[in-house]
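The following blocks contain the structures, represented as structure tokens.
What follows is subunit A paired twice: with subunit B in the first complex and subunit C in the second.
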Partner chain A sequence: MPMRRWWDRAQALAGAPSLRGVGVCAEDWLQAARDVAAAGGRLLSLWGSGEPRDTESAAIYAAYLSDLGVLILQLPIERKTGDESGDYPGLEEIFPAASRLQRAAFDISGVRSSDPDRRPWLRHGKDYDFVRVDGEGVHEIAVGPVHAGTIEPGHFRFSVVGEKVLRLEERLGYTHKGVEQRFTELPILEAHRLAARVCGDSAVAYSWAYCQALEGISGCVIPARAAWLRAAFLELERVANHLGDLGALGNDAGFAFGLAQFSRLKEELLRAVSAALGQRYLLDAIVPGGTTVDLSPEAGRALANTVRKVCEEATELRAIYDEHSGVRDRFTGAGRLAPELAIRLGVLGLVGRASGQPLDARVDLPCAPYTELAVSKVVQSGGDVAARVAVRFEELAVSARLLERMLEGLPPGGHVENIEAPTDGTFGAGLIEGWRGPVLIALEAGPGGSIRRCHPHDSSWQGWPAIEHAIIGNIVADFPLINKSFNLAYSGVDL
Partner chain B sequence: MRPEDWLTQFIEIVAALAAAPIFLGWVSQCRAWLQNRRAPSLWLPYRNIRKLFHKEAVIAQNASRLFRLAPYVVFGTMVLAAAIIPSMGTRLPLVVSADAIALVGLFATARVFMALAAMDIGTAFGTLGARREMMVGFLAEPALLMVIFVASLLSASTALPAITEHLATQTLGLDPALAFTAVAFTLVLLAENARIPVDNPSTHLELTMIHEAMLLEYSARHLALMEWTTALKLFNYACIGFALFIPWGVATGHIGPLGLAVAIPTLAVKLALAGGGLALIETLCAKLRVMRAPEFLATAYLFAVLGLLVHVMLGARG
Partner chain C sequence: MLKTLRKIGSIGLVSEPAPAPDELLRLRRTLDARVTEVLGRALCIRHVDAGSCNGCELEIVALNNAFYNLEGCNIRFVASPRHADLLLVTGPVTANMEAALKRVYDAMPGPKLVVALGDCGCTGGIFGERGASRGRVANVIPVDVAVPGCPPNPARILQGLLTAISPGVATSER
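And then the complex of A and B:
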């Protein structure tokens, strides 16, 4: 059965544009996954619902991204006690990214896939079975979760011969804090604040995705001005993060000049954002129904001027990065993720676009105001650090152009609309292209304005396994640079 | 030996110990300025050493005696090296204990102890750093020896003070042989002192480190000594460079108070310029891939050999 049939069978869901959902049985679950893969679709997210000790009303969900839109499948699960074959068919063979998602779903919701890898992912405590590489001269280097610098915790197990990496295995979950559980304890109209804090550097993307889902299921239509403001916030977040990354990438190549310059530019931008909107990182800029802040024409112009200036300077710095032989030598060819491999691994977002995957939700599945804006997709096919740097530089320019239009052409009207709590049992999802990639938030309302289930998904889930492949054959000393070029979320996937 | 010579010797050692951290601080300052950053205090390395001396030493359970001993051995060799490098005067009583070739041996001794201590605990990083350090070392030492041979051939001696005295009393002029070797020496200096482009002294990324990876297990007074050694090594290399390539201003002959009065400010000026130059190189360069370090040092060796060839050719003509 081709993909189209599943799409036609599914019903439209509220929230993100082109979003549909359908309940399936176990055989259909597997068949649908095969059909999606055959049609070139990707696994966007996978999550479970139900408590680990709960024997009823458990379900597993999969969200697929295809040309048609986002298709969410729901498979109700009858938990088999004492059965080792698993509660539902695993998708690892079809979508490699499913493996860790399924393990995380088991840790959180207690629903087990039939796939062979059953090591806990988020649940730490017992010893973890790393895959061992044997052979003459092979030795292991264990790095983290405590590092020599103050950086995010992640454990990396390298198997190396001399300097050459044969295998890398990641172990994450050190920043697990029970976000999904916490969501269910919050009123649905206030949980956007938690959503903004799931992954601090993508606060706008997460809070917008949450609000999109919520507004969808409560039937609230936000004013046009609010949508434009949100898009401006999102692009500001993208510019700020890209600037920070470009500096950090220079620094990791031993080119501290880059760090100093890009840090300065990022700081200038953040100060301008703070002056115009009252917050540096826009953690509380988006609320259900609209935005907390409005932008006066003067403030908009001032902000637009800063953005223009910052992006012009970034263009000058790009010339330095491009012409510096030492930096070029470090960037070119390091950590190559070939386009074929990127397809196989289902990589999304910025990392995907640097490996020839032209996926950008702002263009493919645009919500307002992106439907009115011509966003140009940035795609590079190199797949190495240099390509990921180039994508960042080019996206800076695209965002600067967008911001110029947004900040000076905001539609008139109010910036926030009243919103009512949705009725019990309604289900929707929001999808926003953050700076890393698409952020999906699936939301199910509970009784009396509560949340039954809220699952935030970061595209880093798809990116982390890709690093394990990109590093193979590189030297171990290049890992920090390669890792930084991906710059994936820890908090966003540890939940 | 006259008593003044012992006084010179004493002042030289004390000056090296005192000036080395400031020199390191100066390089950091210049680097910060060149990168448009606000510079840290000149005294920061001192404060750091002082802080570390006041801390309680934490040592891994499986550390052997070698691990505790290494900082003292390494520090001692660097102090001895400082004693035989003519940074201010050339009449140094301790010079009889080691010539320039033995000096290379002293550096090698320090390196061996550091590498052994790094491997002693058995962590992956220490071993990784030690292995990389030995790779850099075994390529840098021949290049350094070649540099010294050229200078020795010019002055018919392997004792550094004699070389300096000979070169300082020559008429001012550019010797092409020395010009080539000066380039070679600069490259060796960068590699041996864990500076960019070979290593990054300010990195926090444990997987990319060479020198810093070997120090990860050290703390408190041991770390203080190791850091002081690092500063002293850079100072020593700078002074070797001055002794070979810009010896003017060093007090030759038996030194009086007047000689020192000239030698000390001259040294300060040279250090200031060298520090600025080093910071400039480090700002302009990115760090090389670790596997490119051999190419870098091969270039150094090549330059030193070119210097030697030029000397032989010019010598044959003259």
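And then the complex of A and C:
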């Protein structure tokens, strides 16, 4: 059955025409996955529902990204305790990114896939069975969870010969805080605050995706001004993070000048954001129904001026990076993720676009106000550190142009609308292209304004396995640079 | 190279000018004097993310930009706990990071200072204290100073560091 038939069988989710959901049986579950793969679709997310000991309400969900939109499948599960074949057929053969998602779903919800890899992912035990590489001269280097710099915790196990990396295996989950459980303890109209803190550097993307899901099932239509403000916040978040990354990447290539300049530009931007909106990072700027803050025309102009200046300087700095032989030498060819491999691994977002994958939810599945804006997709095919740097530079320019339009052309009207809690059992989803890639929030309302289930998904789930491939054959000393060029979320995937 | 030099020349020094009657600047001056008085050398900080959302980390990184110029205050981040005077901890402590955090703390030479950073480090924040989250840092290791904020801005972090090296805060031999 071609992909189209599944799409036609599914129902549009409330308030989200490009997102559809459908319940399936176990055979359909696998067939749908094959059909999606055959049609060039990607696995966007996979999660389970139900408490580990609860045998009635368990289900497994898969969200696919295709040309048609986002298709969410739900497979109800009868738990077969003690059965070696698992509770549902695993998708890891069709979509490699499913493997860790399935292991995480078991740790959180107790539903087991048929995947023979049953090592815990989020619930750490005492020992972890890393895959060992044997052979003459092979040795292991264990790094983390605590690293030398100010970065999030994770463990990396390198198998090397001399300086060359033969294999890398990641072990994440160190920042697992029980986010999905926590969602169910918060009122549905207040949990946007938690959504913003799933991954603090992408607070706007997460809180917007959450509010989008909630507003869809509550039947709340936000004012046009609120949508434009949210989009401006999202682009500001993108610019700030790209500036930070570009500086750190220069530094990791031994060019401290780059760090000094870009961190100065980032600080100038954050101060302008703070002056205009009252906060440096927009963790509490988006609320159900709209935004907490509005932007006066003067503040908008001042902010637009800073954005313009900062992005002009970034262009100037790009020429310096491009002409610096030492920087070019480190960037070019390092950590290459070939486009064919990016397709096979289903990589999304910025990392995907640097490996020739033209996916950007702002263009492919736009919500307001992106429906009215011409966002240019930035795509590079090199797949190396240089390509990921180039994508960031070019996206800065795109965001600067968008911000110019947004900050000075906000539609008039209010910036927040009243919203009521949705009815029990309604299911919604939100999809926002954050600076790393698409952020999906799936939300199911419970009784009395509670949350039955909320699953946040970061595209870093798809990116982490790609690093394990991109590092092969590189030297250990290039890992910090390669890792930074991906700059994936830890907290966002540890949940 | 010429472009690089021209860029450096055209930007000049962005470090906040010394005579400005600015809150932030006063803070930096006090901090520098205090560090020299207490330690007679740079204050060495080891940062551990014990489960943070990565928000506090953004502001810790910002401390090193030219505006806040942390190294200019005689404070630096070090890679090993063996070299650290002060442990800066972010996040609610997760069950999965508890052992690592304790090991870092134990690896530091005494006397040692601990600063819990951000609402999560101070109280467990929005993540609370149950299941996978052990809550505030003080639930796992002794804390001398707690700096609230979500995230605390760089000036507030500097203020917290100053408080930590003020007399009467801690530095008991642990």
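Everything below uses one rule, namely that the second predicted complex is superposed on the first by the 492 of 495 C-alpha atoms of A that agree within 3 Å, B and C clash if a C-alpha of one lies under 4 Å from a C-alpha of the other, contacts with A are read in each partner's own complex, and residues count from 1 in each chain.
Methods note: a residue touches a chain if its C-beta (ideal position, glycine included) is under 8 Å from a C-beta of that chain, and two chains touch if they have at least 3 such contacts.
From a predicted model like this one, the values you see are computed outputs, not experimental measurements.
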Which superposed partner A:A142 touches (first subunit B, second subunit C, both, neither): first
Partner chain(s) touched by A:G434 [first = subunit B, second = subunit C, both, neither]: neither
Touched partner set for A:G69, first subunit B, second subunit C, both or neither: neither
Which superposed partner A:F257 touches (first subunit B, second subunit C, both, neither): both
First (subunit B), second (subunit C), both or neither touched by A:H324: both
First (subunit B), second (subunit C), both or neither touched by A:E163: first
Contacts of A:P223 with subunit B and subunit C, given as first, second, both or neither: neither
Comparison of subunit B and subunit C by subunit A residues contacted: C
Which superposed partner A:V476 touches (first subunit B, second subunit C, both, neither): first
Those residues of subunit A which subunit B touches in one complex and subunit C touches in the other: 148-151, 257, 260-261, 264, 324
Residue ranges of subunit C touching subunit A (in the complex, touch as defined): 3-4, 7-8, 11, 14, 47-62, 64-67, 77, 79-80, 91-92, 94-97, 100, 104, 125-128, 130-133, 150-151, 153
Subunit A-facing residues of subunit B, complex: 31, 34-37, 124-125, 128, 196-197, 200, 202-209, 212, 216, 283, 285-292
Contact footprint of subunit C on subunit A as seen in their complex: 122, 124, 145-146, 148-153, 173-179, 181-182, 185, 193-194, 197-201, 203, 244, 257, 260-261, 263-264, 266-267, 270, 280-281, 283, 316-317, 319-320, 323-324, 489-492, 494
Contact set on subunit A toward subunit B in their complex: 139-143, 147-151, 163, 250, 252-257, 259-261, 264, 324, 326-327, 329-330, 475-480
